Amino acid sequence: MRSEESPSVSDYVHVLPIRVYYEDTDAAGIVYYANYLRYAERARTEMLRLAGVDQTTLWCRTGVRFAVRSCAIDYLAPAVLDDTLEVHSRLLRVGGASIRAEQVVRRDHMALVRLKLRIACFRETGQPARMPAEVRAALTSLQQSELRA
Amino acid sequence: MRSEESPSVSDYVHVLPIRVYYEDTDAAGIVYYANYLRYAERARTEMLRLAGVDQTTLWCRTGVRFAVRSCAIDYLAPAVLDDTLEVHSRLLRVGGASIRAEQVVRRDHMALVRLKLRIACFRETGQPARMPAEVRAALTSLQQSELRA
Amino acid sequence: MRSEESPSVSDYVHVLPIRVYYEDTDAAGIVYYANYLRYAERARTEMLRLAGVDQTTLWCRTGVRFAVRSCAIDYLAPAVLDDTLEVHSRLLRVGGASIRAEQVVRRDHMALVRLKLRIACFRETGQPARMPAEVRAALTSLQQSELRA
Amino acid sequence: MRSEESPSVSDYVHVLPIRVYYEDTDAAGIVYYANYLRYAERARTEMLRLAGVDQTTLWCRTGVRFAVRSCAIDYLAPAVLDDTLEVHSRLLRVGGASIRAEQVVRRDHMALVRLKLRIACFRETGQPARMPAEVRAALTSLQQSELRA
């Protein structure tokens, strides 16, 4: 059903280390559930930057922004204060107007939170937009460089 | 496909009004995607409180806490600064150790964000726990009072 | 020393109730120190709205925004999960380009956090701006209505 | 007046780089004012860790936590999305039960936000506590190593 997870799919993994601070935790002593979405966005931003896509520049030059359309999150185990986490990100599919990505927040080799996202391009008006050609090329190249690896 | 949405399911809707402040928005001029999870948690907390379940009391008396196990979010349209939103919440299923809930963030009659959640009970150790009987009774009664309505 | 606290100063108090949710707390079991600034901003926004000043409208019509220039915060006692707090706000001085305000976050009759702020008007370029006449009038009127009370 | 800024005071500067993400910004296109307190706390945590003081360990071993007692913040200029900032932190004074610190958030050589803080030790009950001897020694040593430099 989810063809994007087939073997032909990119295994590209971008890894962003994250330290857990007091701001991230809640009175249950664990990372507050919404904050994994903050971690995931930091990681996607850095993955895009690595591919040469700076979101501010993208916006100023093309009037287009990425925004998350849908997100499925599994909370497998909690992170706590002072943990050193890693957000592993990979592109599952790069389409003409949207991206599918998977992100896993890990502590050591343990997956704590798993996210599947669909991200689309939008104009300021909120209307869907095609991904600018150079952005799509950069993201596709990101996938392929990994496939070659 | 999703049996919890069958007609036998509770139509109970709890409504929490939410005002959008600067803290909720981001540089794209819209509510930051993680913040809908904050709104949703506020609404669930108030719905539980209405059913007589205070989370601090629950924790102190029984050593059990609710935590989100999984969440599927659809971002349909953005909210902006100064919007008055409503979070509509309903219980889809009350089980022995977990709850299924649906929440919709609306502006007027427009659904902006839709969340489907599975929420489970945990001990401080992180181990799954049965829901205390009085909590389960309260939540079931919440469903039934709605069904009678 | 601080002339704005002299008897000639407005005693106007706007009160915004705030409920403490998990999102507000941290692993120390108390409200995270930065979050009182979020509470304070919500309260100032509602106080302005009550005076007929909507910040989105202000921005769209005049290209001017309020921003905090300086803030002194005293943390007197912690708030915890499920607390019902009140943010008491009053204008100490309404000048041509800036406002001085005092805000106190209380639980029952106990002051938990006290803030003194200087808030100024800015253009999008970041340059200081005079306060639009109708805004200044509205805020001055807010003070005076209280003095008459 | 502020003796802690006299020449005999430590010039120790700990520097933490911070990237500005969407989560940090607001609809005015700038970093939301409360978020500088999050940045500052991350920097203090890392400065403490560098001095061998891990806050989780401190808490578990001694039942003592640091908490901010007061904070004066000057907002000099705004940071925006994708900025690379630095938080420069230094201890102004290490006392028996509290610390005075200064932190400056910079972009290149420009100071954007300046914070002066008083931080004290507390027990879980909320009562003030003496700083554990080894923590005080570590922080004093942090100051002195800088003075020798």
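Here the chain labels run A, B, C and D in written order, and each chain numbers its own residues starting at 1.
The rule we apply is simple: a residue touches a chain if its C-beta (ideal position, glycine included) is under 8 Å from a C-beta of that chain, and two chains touch if they have at least 3 such contacts.
Nothing here was measured: the structure is a model prediction, and the numbers come from that model.
The interface in A-B, B-C or B-D that matches A-D, meaning over half of the contact pairs are the same by residue number, belongs to B-C.
For subunit A, the chain whose average C-alpha position is most distant is C.
For the pair subunit A and subunit C, the distance between mean C-alpha positions equals 36 Å. If you average the CA atoms of subunit C and of subunit D, the two centres end up 25 Å from each other.
In subunit A, 22-23, 28-30, 34, 38, 41, 80-81 are the positions where the chain touches two or more neighbouring chains simultaneously. On the side of subunit A, the complex with subunit C involves touching residues 22-23, 25-30, 32, 34, 80-81. Contact residues of subunit D toward subunit C in the complex are 28-30, 33-35, 37-38, 41, 65, 67-75, 77-78, 124, 126. Here subunit B touches subunit C in the complex through residues 19, 21-23, 38, 41-42, 45-46, 54-56, 80-82, going by the rule given at the top.
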